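Letters A, B, C and D name the chains as they come in the text, with residue numbers starting at 1 for each one.
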Amino acid sequence: MGLLNKLDDPYYGGGIILGKVEDILNWGRSKSDWYLQFGLACCAIEFMAVNASHFDFMRFGCIPRTSPRQADFIIISGTVTFKMAERIKVLYEQMAEPKYVISMGSCSNCGGPYWEHGYHVLKGVDRIIPVDVYIPGCPPRPEALEEGMIRLQEKINKQAIFNKRKRLAEEEKQELIIDN
Amino acid sequence: MEQQILTLYDWIVKLSSSNLIALIVVITLPLVFLMVYALVAILGELKISAFIQERLGPMRTGPWGIIQPVAEVVKLLQKEDITPDAANKPLFNMAPFLMFTAAYAGFAVIPFSSHFVPAGINLGLFYIFAMGSLAVIGLVMGGWASNNKYSLLGALRSVAQIISYEIPAAIVILTIVVLASSMNLQVINANQGGWFWNWYLFGGPGTAWKLIIIPVTFSMFLLYLVASLAETNRTPFDIPEGESELVAGYHTEYSGMKFAMFFFAEYANMFVVAALISILFFGGWNSPFGDFMNGPIWGVFWFISKSFVFVFVQIWLRWTLPRLRVDQLMGVTWKVMTPIAFICFFAIGLWLMFN
Amino acid sequence: MGETKKVEFEYSQIDSERMRLNVGPQHPSTHGVLRLEVELDGEIVTEVIPHIGYLHRCFEKHCEKMTYPQVIPYIDRMDYICAMNNEWPYVMGIEKLMGIEVPEKVEYIRVIFAELNRIANHQIAIATFGLDAGAFTPFLYLFRDREFILSIFEKASGGRLLYNYYWVGGLAADVHKEFKEDVLSIVKQVRETNKEIADLLLYNKIFIERVANVGILPADVAISYGCSGPVARGSGLAFDLRKDAPYSIYDRFDFDVVTGHGEVGTVGDCFDRNIVRFHEMEQSCRIIEQAIEQMPMDGDVREKLPKKIRPPKGEIYTKAENPKGELGFYIVSNGTDKPERIKSRGTSFVNLSVLPEISKGYLFADLIMILGSVDIVLGEVDR
Amino acid sequence: MQAQEIYEKLKAEFGDAIIEFNAEPFFDPFVLVTTDKLFDICLYLRDTQGLEFDYLSCLGGMDYKENLGVVYHLYSIKLKHTFVIKVTVSKENPFVPTVERIWRTADWHEREAYDMMGIQFEGHHNLIRILCPYDWENFPLRKDYVQPDEYHGMKVPY
């Protein structure tokens, strides 16, 4: 995070001015979310429906980007197979920090209907990348995805940028998830 | 025509009686304008596309989402700046800045009003055209240095495209130069003073005989509009970054602020060509209604609103038309537009000879 | 001085470096997670190698582990754009094995829903095809209309995308009271939008330039590759299972098999494949109108069935005309309540195999259009 | 043409290569043929006047517990009739001649059958896995298949 590293505050707390700066930075990140145009399976169709006029994802400031470099968050919309899992990992690594992940649908949460006999299905995308918001449903309704988006924005708004101790704790939590 | 043309620089020198302040102000004013314009244009792009597609567009950032572009800039500032390992780093880092510089340099000669022009040079038209062509170098640098095949294909396409479309555009501009017998943008503007029928779109100032050349000037306008779309990589000529084929074309590997530079450069370029259209064909800062609402300050209003109309047209076309294929694109310019441009040039020359 | 020799200049002799480009699995216009390995000579495609299986969800393994009714939701998830159509051949096969006659009303509702889903599928196909060409707005117009169709499905089955609605021996639930009026209003809306789309996209000069004479698929190649549906019909082949091997009550309706005839280019080009879909929407509207007219509104939608569905030992290959082509299920029953084996003939799987054949020698931009015109769904390709 | 007639025609032409004809109720009528004559039979079915099975609807690999099999569902677009051919091979030696040169669509179908069942198609130009990753082990649709514990460091079972 180019600018953020320079502004990093080693002390606990941060102070009023930095606190307010943090608010503005968080506001910018939460209101302008560019997502990666990337669909996996059935949920991708509902995801397309969310983009379309009826549900209009752009109301939340979500603009599609085709290149992972310019995307802020990725929606894992559908079943992740082992063949695809490595690609998703690469895609996630290609995205620029700060980046977020929404896991849409049961398949990417936990394997969905394929959890028992799906020899080729990864049971939960959180086994390979950290997930910020889980949306249940098979597939989730478009409203559910929008709700998930609002939850992600709330999460971003609460994020600590300058508070190093808090941030480290968050990162540790994410690593724990990956280790599982 | 005889009126004294003041540059912005002279005007501020008069005001502040200090060269340094004047220099700083002259350099920053267009930048400030550009930034504000870019925010407006991005919002416009979002909102106009939403209107066309029966949607609402951004709604949650400020009232009706009007500060959405601000949020985007704040976000882009924070994004990680990735330079791929395999990239040619100096070129990769230079490309967006070169592109932005080229787009911004064009603003130096744009006459915002009869008294406001940052640099009133005599070769204004030539300069603005040269600066427009410079952008292609940034594009190629970015595409090649990314070491990404999609970027490379995008860059190659854009070179071919921009250079080809410069030819009909240049001939059209040359025709206007012949009509105006000057390359100074202020002179071209001043020539079109008075009512709107004095615009070069309607053959410029002259007697009723000019009715003969109105079809020619109209087709020149259309030619330049199409060529300018191609030069700014907008639909239907957006193949260098054609999303469905080349992911994001030449800026596939760019992230954060460097991508924002490309983004800004695209919008700046859009304004430059829109401004050029309004100067060359629509009287620039002249009021359409003679002396009504005419003057240096009103000139800024007329100029910017005319330019914005053409920015709007570019956005409108983008959300309406599909894109052409690369070979068809070249076919259009070499087989259709260039010959027509030559015919226009010839016709105007003949008309001037007998007039 | 030696003798001067005229140098024959041949393009093939130039030693130009070929570029291998990897398209996908994450690419905006591979319609999912398809990966294409493309060899390019400049921008001309010399070779295409599709790599599939990025969405292989072990459908056939699941079938062996599930009871017959439990398989239906997995079938929904195969071709998730037209789930209604998918369920049909499967339940039809089991009904045939068990000798069940479904009530008249059920047949009509099945036809209406299948045709509505066909329209929805073709809307997505045309929309994404336009998107591949860079036209974003028609995509949204078509999606807007698709929502109306989905709302009808939702009222009947409770699901927007995956329905689990066609059950063995009937339907999951009855339709609502205003069903007929709702469906007719949708048909009206579809026709209106189609007019708009024809003006805005299909007969747009730029669009025609992009799709005419591109990706030509001759009829004999289409047969050899097993193509079906609009891909085969676009090549001028009047192959429609609704006419050729009438199932259900399709013989009661009057409709035409639309075939491509080279309206703006050669027979079997991308335009023909796409325009076949467009005209099929109109034919579907006709079928729906006739079905609505004949359909009885009263009666049960479920046949009396044993608690556990146990077809006798046997095997059957059932097929139905899906929006994308022939969808077949080879059901092998061993007399228990779980199938021995179900092999599905994925329409998209077969249709996609023709891509390397028809995309050689065109530009890279054309490859994207050809892929769009074949209209695949990766869920069905990989199963 | 009815299945019975097709069978009689085939029997007259190939004799012993046709092992069995089954037209029981609940079965699509099929013939069981030997693997060594399969290619000729398929070619005959496609090219003979009156049969003209130019369309391979479906090709599926089967696991009959003791041995493996392949089922060919044929259709004629012109004459609108269907027919089914079956072959069986042993699990130790699962070699079946390819019909890729008769119906091009068999290319991918056979790759799928190989991927899922491990049936080797002799003469196939590119018999590699199609759905599973190229380094996948074992053949998932065999009845005795056990899920692996791990693939590339990712846990497979739930």
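We take it that contacts are C-beta pairs under 8 Å (C-beta built on N, C-alpha and C of every residue); 3 or more make two chains touch, one makes a residue touch a chain.
Treat the numbers as computed from the prediction; the structure is a model and nothing was measured.
Trainee: Where the CA atoms of chain C average out and where those of chain D average out, how many Å apart are those spots?
Mentor: 24
Trainee: Using mean C-alpha positions as chain centres, tell me how far chain B is from chain D in Å, no decimals.
Mentor: So the centre of chain B lies 63 Å away from the centre of chain D.
Trainee: Roughly how far is chain A from chain C, going centre to centre by Cα mean, in whole Å?
Mentor: Distance between chain centres: 32 Å.
Trainee: Can you compute the centre-to-centre distance for chain A and chain B, using the mean CA position of each chain? Integer Å is fine.
Mentor: The answer is 37 Å.
Trainee: For chain A, jot down the residues that touch at least 2 other chains.
Mentor: 53, 66, 83, 116, 119-120
Trainee: Would you give the residues of chain B that are in contact with at least 2 other chains, written as numbers and ranges?
Mentor: 53-55, 243, 247
Trainee: Specify, in ascending order, the residues of chain C that touch 2 or more different other chains.
Mentor: As it turns out, chain C has residues touching two or more other chains at 28, 53, 56, 58, 61, 140-141, 144, 382.
Trainee: Using the definition of touching given at the top, classify the network of chains in this structure as line, ring, star, complete or other.
Mentor: If you draw each chain as a dot and join those that touch, the picture is no line, ring, star or complete graph.
Trainee: Which pairs of chains touch one another in this structure?
Mentor: A-B, A-C, A-D, B-C, C-D
Trainee: Show which residues of chain A lie in contact with chain B when the two form their complex.
Mentor: Touch list, chain A to chain B: 1-4, 24-25, 27-29, 31-33, 53, 56, 58-61, 63, 65-67, 69-70, 72, 96-98.
Trainee: Spell out the residues on chain C that touch chain A in their complex, using ranges where they run on.
Mentor: Going through chain C, the ones touching chain A are 25-26, 28, 32-33, 53-58, 61-62, 65, 73-74, 77, 80-81, 124, 139-141, 143-144, 146-147, 150, 160-162, 378-379, 382.
Trainee: Residues of chain A touching chain C in their complex?
Mentor: Touch residues, chain A against chain C: 36-42, 44-46, 48-49, 51-54, 66, 68, 78-79, 81, 83-84, 87, 91, 113-114, 116-121, 138-139, 141-142.
Trainee: How about chain C: which of its residues touch chain D in the complex?
Mentor: Checking each residue of chain C against chain D gives 52-53, 56, 58, 60-61, 64, 97, 221, 223-226, 237, 239, 244-245, 311-317, 319, 326, 328, 330, 332-333, 341, 343, 345, 349-350, 353, 357, 382-383.
Trainee: Touching residues of chain B toward chain A in the complex: what are they?
Mentor: 46, 50, 53-61, 65, 68, 70-82, 243, 247-248, 251-257, 259
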